[in-house]
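Okay, got some structures for you below.
In the two complexes below, chain A is the common chain; its partner is chain B in one and chain C in the other.
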Partner chain A sequence: MPTLLWTDGLIFLLLFMVVMFVLHVRRHEHLLRPWRSVLRSRVAMASAVILSVYLVIGLLDSLHFHPKLDNPKAEQAQYSTKINSVFDVLVSHLLEQDEKTYSAPFAAYQYSKETIELSDGSTVRELPRLKFGGAHLTDPDSEKVSDIFNRTLVASTKALVVFIVMIGLITWRIAAKKSWPFSNVIKSILKGEMETPWKVIFITLGMSFWVLIIAWDLSHAYHIFGTDKVGQDVYYQAMKSIRTGLIIGTLTTLVMLPFAVLMGISAGYFRGWIDDVIQYIYTTLNSIPGVLLIAASILMLQVYMANHAEDFASLAARSDMRLLFLCIILGVTSWTGLCRLLRGETMKLREVDYIQAAQAFGVGHMTIILRHILPNVMHIILISVVIDFSGLVLAEAVLSYINIGVDPSMNSWGNMINSARMEMAREPVVWWALAASFIFMFVLVLAANLFSDAVRDAFDPRLREREE
Partner chain B sequence: MTEPLLQISDLKVSFGSTPAVNGIDIIINRGETFVLLGESGCGKSISAMSVMRLLPNSATINSGKILLDGEDLLQLPESNMRTIRGGKIGMIFQEPQTSLNPVMSIGSQIAESLTWHKKLKGKSARNRVVELLEAVGLTDADRRYDEFPHQFSGGMKQRVMIAMALAGEPELLIADEPSTALDVTIQAQVLELLLKLQKERNMAILFITHDLGVASKMADHVGVMYAGKIVETAPRDQFFKTPAHAYSQKLFAALPSKIKRQEEEKNLVKDQVSDVLLEVKNLDVHFPIRTGFFKKVTGHVKAVNNISMTLERGKTIAMVGESGSGKTTFGKGVLQLIKPTNGSVVFDGIDLTKLSLAELRKRRTDIQIVFQDPYSSMNPRMIISDIIEEGMVAQGIGKTKQARIARVEELLEQVGLEKEHRLRYPHEFSGGQRQRICIARALAVDPKLIICDEPTSALDVSVQSQILTLLKDLQSRLGLTYLFITHNLGVVEYIAHQVAVMYQGEIVEYGDVEQVLYEPKHGYTQKLLAAVPTIETGT
Partner chain C sequence: MMAYIIRRALYAIPILIGVNVLTFVLFFVVNSPDDMARMQLGEKRLTEEAIQGWKQERGYDKPLLWNSSEEGLEKVTDTIFFKKSIRLFLFDFGRSDSGRDISFDISQRMWPSLAIAIPGLIVGLLVNITFALLIAFFRGTYLDITGVVFCVILMSISGLFYIIGGQFLVGKLMNLVPISGYDTGLESIKFLVLPVLVGLVGGIGSGTRWYRTIFLEEIGKDYVRTARSKGLSERLVMFRHVLKNAMIPILTGVVVVLPMLFMGSLITESFFGIPGLGSYTLDAITSQDFAIVRSMVFLGSVLYIIGLLLTDISYTLVDPRVRLQ
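Presenting the complex of A and B:
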């Protein structure tokens, strides 16, 4: 039975808005122009591919449902109170391969010694074999390396096949669209003569598929990022955290934008007492430490949820509520920067001749704001949204680290880092949870930053003039 | 004849594959002024910058020689170039506001150059700077040494710039439109100063300008530049008497003047009934000065002070004045974009200052405005059709979309553009075309009065005359009335019936064109007229 969590709904609403925006942009030449230069940038397209891999995983993880219970006696279908996502089904093998406790990446043995009772009644302390990791090997010490190598080779072949099929499909699409012969398209892509850097896109796509398929194949036989304290697969946790990171990065912006845009533009356009009020609001809000506000509201939410336990059917619904609340409170505390930028830009714009001309025509204030000011500050909004994204993903990690972030039961990079605090103090060190969350977060933030750089360059009027 | 100081031969500069300067030759002798005349984008500034070797990175010098005293500047290493810049060659830029560092006192900015080129330090450097400041005509130079750029007016700043350029005792001074950003009276002073300094120091000047009047005042030789080439070089007298090249002749023909206007007016029948369209009585626009935490009003800036005037239907009045004289504020006050403090603006029998906002909005069709800068007066994110249509939609003119489109197309043709231009964006048009679109936009709501706020001063001379002709033509066809704000007296002669001279927010002289321009009564008007650089053919 499909179910819609609050954040799921909002993330799909956001996706819908983005699609509408893209359709709108495609119809307007002047809006399309800066995006074309983003499409032409190699770095931007490579990071866009990485971002979309993350996005697909995040979206698959946002399609939630209650799994059906196997109960032959019941007449009507019965559903579990547990909530699963489509992504969980895809990687179900990871969910089922729980170990007892810590194990290192690609290990066949547990990380800590255990007392094992032998059949003759005596006990020894040794490293027990894992239930799943490398369980198919008879002698892990001698076979493991060659087994991993073989599996990688097989996976690489699969990746190559997928890669070729995909290139073929895309090239065929381009050829059909441009009505060029297929071979010509291939040639100009390889020579880098196309406007869009297809070669770079293909290479990045190929690399991502290669990594994904190898990870997929190996994860059936090993814990590629090890297991955590309760034996859960760290690779699975890191993948599940993608959705949390994406939601924090995007929904916060959705919350923030109306405040920032509305207040910033009205302050700059109307000036006078409206400007004074808005300025006082954001200077006041700015002078309260953000962490304090966030901590206070999260604590309030916890009290509320404890008192109204009946409203939250499942653990997932509860942690989802907390995530949404975190987005809202992050949004409420972070709109001031953009608001200030927009106020300044609007103040500059309202003195520009075309706004004065519109006033001389007797055009109403709302129309002037919507037709003249908003489109001319759109680039600022866009740039700041894209730049804020990576900052927010990192903010989540910091907040979870001090325990006011997302629910501890929810998978997130912040929670992984938080628990790694204890693991780093162990001897020998358990490093893989930290490493996994670091790698996943690093790749996402780096891709987002590179992409936002390209967007900023494309929309920055000063750079554009030089180009022309 | 002695060897020339600067000799440029076959200089070619290009940006990527587009040539900017296409093989020019210039020879300047000591103590002479060579005026490089041309419209914007013809490559004159690029030529000057190549002499200094200060071209932007995207430009490359493809060929040519620049000989200064027989030494090829293009072959010198960069370290030697630094002693030449500011030492042998001084440079003055167009915009004095941005050429000075706002956080350094002007004295120390000049001293910087002295320390580098003349190895002067401390007291002796200071004394030299004071001497230089006195030479460029700054009084009380010793005190002003420690002042900062914001304490100086535009003309003063340009004097400081000249002092700075003179610090290294250059043999060649490059002046890139040094007087364009200044008011006429200040311009006259700066030009006078340059001539005086040139005589004293026997400097050569490479003077860049687009203004024929200025060229006539400064030049020994004139080179006319067009599309990266010098199309004509001639001694001053010969050039102004008999310009040889077709392009030079076109420049002369484009100058708006009285003679041209009289020729045109012969063809017009004067049968207009004189009735007053606009009557301004005792108009004040004061801006309050607020200080302190509670923003208490402590005084007023009297931008427009007690102005009265009347304007007849179908006539043009020109408001003339220097920057800061309140002409634009007056225009916006008439339009009610700025609420006047006192007085009345009676338009067609109705006092606009007494109308409520809603009533005013309905009357917005009657008065329209055309701005100075054609680049900032259109929303870059709207197509031309939407820009022109905006007023019609706001005022409910043209019931259907089709009717409005038909009207837009008609307007575009009326201002000399094509129907198809309707679907383009503003950036696809040149400055002159944009100004035509702005005029079409103003015409869209059938106004009776158009306020033209320096509509031609951002345009090149040849384009300027086209726009003026268009405005005159529209006036005679549609019976429009213009309130024409300008600082260019040549334009006034061409287009206006009446003139009001504004000075510090007040009208100091007001009357018919002939009377004000040829028999000015007020001292300020006389000063203003005397300052205009005119082309004198004899010497």
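Presenting the complex of A and C:
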């Protein structure tokens, strides 16, 4: 039975808005022009591919449903109160492979020693074999390396096939669209003569698929990022955290955007007392240290949730509510920058001739704002949305570390770091949870940073001139 | 000038009142004084008298915002909000909910915070400006591109990893300095090296990139072209003209954060176990000590406003064209 959490709904709403925006831009040449330079940038397109891989995983993880219970006696279908996502079903093998406690990546033995009773009644203290990790091997010490190598080889072959099919399809599409012969398209892609850097896109796409397919194959036989204290697969946790990171990074801006745009433009356009009030509001909000404001709000929410436990259908719904609330409160602390920028820009714009002319003709304020001012500040909004994303993903980790971030039961990189930081003091060091969250976060944030740089360069001509 | 400063200081009052109301509402909207008493007293079976006693002792036994049982002006003044907030304006922070003197705690814990923040700021500025100047000097070459790529990579790593990595590498593997803790006097240096170093490495990416754009903006200006056309060497142009003029935006940017240095850093201080104001705030958040959090919010807002004022003043000092109205 499908179910829609609050954040799911909002993230799909956002997706819908982005699609509508893209369609709108495609119809208008003057809007399309800056995007062309983004599309031409090799770095931007490579990062865009990586970002879309994250996005697909995050979206699959946002399609939630209540799984059906196996109960042959019941006449009507019964549904569990647990909430699963489509992504959980795809990687169900990871969910079922829990171990007892820590184990290193690709390990066949547990991390800590245990007393094991032998068949003759005597006991020994040794590292027990894992239940799933490398369980198919009879002698892990000698077989493991070649087994991993073989599996990687098989996976690479699969990846190569997928890669070739995919390239073929895309090239065929381009060829059909341009009505060029297929071989010419291939040639000009290889030479890098196309306007869009298809070669780079193909390479990034191929690499992503290669990594994903290898990880997919190996994760059926090993814990590729080890297991945590209670034996859960770290790779699964890191993958699940993608959704949390994406939601924090995108929904926060979605929440704050209406306020920032409305207030910024009206302050700059109407001036007078409206300007004073709005300036007062954002100076006040800005002068409270952001972390303290977030902390106070999250504490408040915690107390509320503790007192109103019955309002939440399930644990998932509860942690989802907290995630949404965190987005809102992060939005409250971060909208002021954009608001100030918009106010300044609008103040400049309202003195421009065509707006003075519109006012002289008696055009209404709403019309002027919607038709003349909003389109002219759109690039500022866009740049700030794209630039904010990576900062928000990083902020989540810090907030979760001081326990004012997402719900502790929710998978997030911040929670992974938080629970793993004590493990660095262990001997031997338990490093894999940190490594996993580091890699996943780093790749996402790096791609986002590179992409936002390209967008900023494309939309801010002043900056481009300076760089040249 | 003086009139401007006074007017700006007066303008801060409504803002501080707004801050106070906001934090007050945030804390009391769900967390009633009764809840606070239960939390602080922390015993399982609490008598009603004990709660009332706790509230009376700390002045939480009044209405929140509006006292309808009093007459005239007392309606507003004899409330928790008025009694608790008005003293903040005189910087009398009172006692924390656990009974400690907040002003004394702040004056004690301020120094460890500053001991990290000031060296961190100075070292960070020096290193970032040096790197940025170097990259800007070689602009357009491979060194520039590599430098910028490195900056983006460094920026993409969460600050937490710098701290964890620094503690692990320098503290545990190389065993050079203690991982966390604090001491007084000269002994404290060995505890401060690592936090400052971690802060430096963590800030290099964004700092260098930011200063690089400032330098590039300066390089694009007309006077630089004139200086070059006079036949000055590139090195002379960079050091004598560009660096000097770029210091204006750089230093005015630094002025705004100066007052905030007092507040310390929540994350760094808690990771390294430094008894500064940052960890003080964090402890207050986790133990829900409303009096401390409110004092810190108030202090933070005051410092923020001072920072804004200092920025405005420093603009007039370095650039006489800016007139304060």
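Simple rule for what comes next: the second predicted complex is superposed on the first by the 462 of 468 C-alpha atoms of A that agree within 3 Å, B and C clash if a C-alpha of one lies under 4 Å from a C-alpha of the other, contacts with A are read in each partner's own complex, and residues count from 1 in each chain.
Assume a residue touches a chain if its C-beta (ideal position, glycine included) is under 8 Å from a C-beta of that chain, and two chains touch if they have at least 3 such contacts.
All values reported here derive from a predicted model rather than from experimental measurement.
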Considering only touches as defined above, state whether A:E29 meets chain B (first), chain C (second), both or neither. first
Should A:M17 be classified as contacting the first partner (chain B), the second (chain C), both, or neither? neither
A:M422 in the overlay: touching chain B, chain C, both, or neither? Say first, second, both or neither. neither
Under the stated touch criterion, which partner chain does A:T367 make contact with: chain B (first), chain C (second), both, or neither? first
In the superposed model, does chain B or chain C contact more residues of chain A? C
Using the touch definition from the top, say if A:T283 reaches chain B (first), chain C (second), both or neither. second
Once chain A of both complexes is superposed, is A:A357 in touch with chain B (first), chain C (second), both, or neither? first
Looking at the overlay, does A:A135 come into contact with chain B only (first), chain C only (second), both, or neither? neither
Looking at the overlay, does A:L299 come into contact with chain B only (first), chain C only (second), both, or neither? second
Could you tell me which stretches of chain A are touched by chain B in one complex and by chain C in the other? 466
Taking the complex as given, what residues does chain C use to touch chain A? 14-15, 18-19, 22-23, 26-27, 29-31, 35, 152-153, 155-161, 164, 167-168, 172, 213, 216-217, 220, 263, 266-267, 270, 281-282, 285-286, 288, 293, 296-297, 300-301, 304-305
Considering the complex alone, what residue numbers of chain A touch chain B? 29-31, 352-354, 356-364, 367, 371-372, 375-376, 466
Could you list, by residue number, the parts of chain A that touch chain C in their complex? 280, 283-289, 291-293, 295-297, 299-300, 303-304, 307, 390, 394, 397-398, 401-404, 413, 417, 421, 424-425, 429, 434, 438, 441-442, 445-446, 449-450, 453, 463, 465-467
For the complex, which residues does chain B have touching chain A? 58, 332, 335, 337, 360-362, 364-365, 367-369, 371-373, 376-382, 387, 390-391, 394-395, 425, 438, 441-442, 445
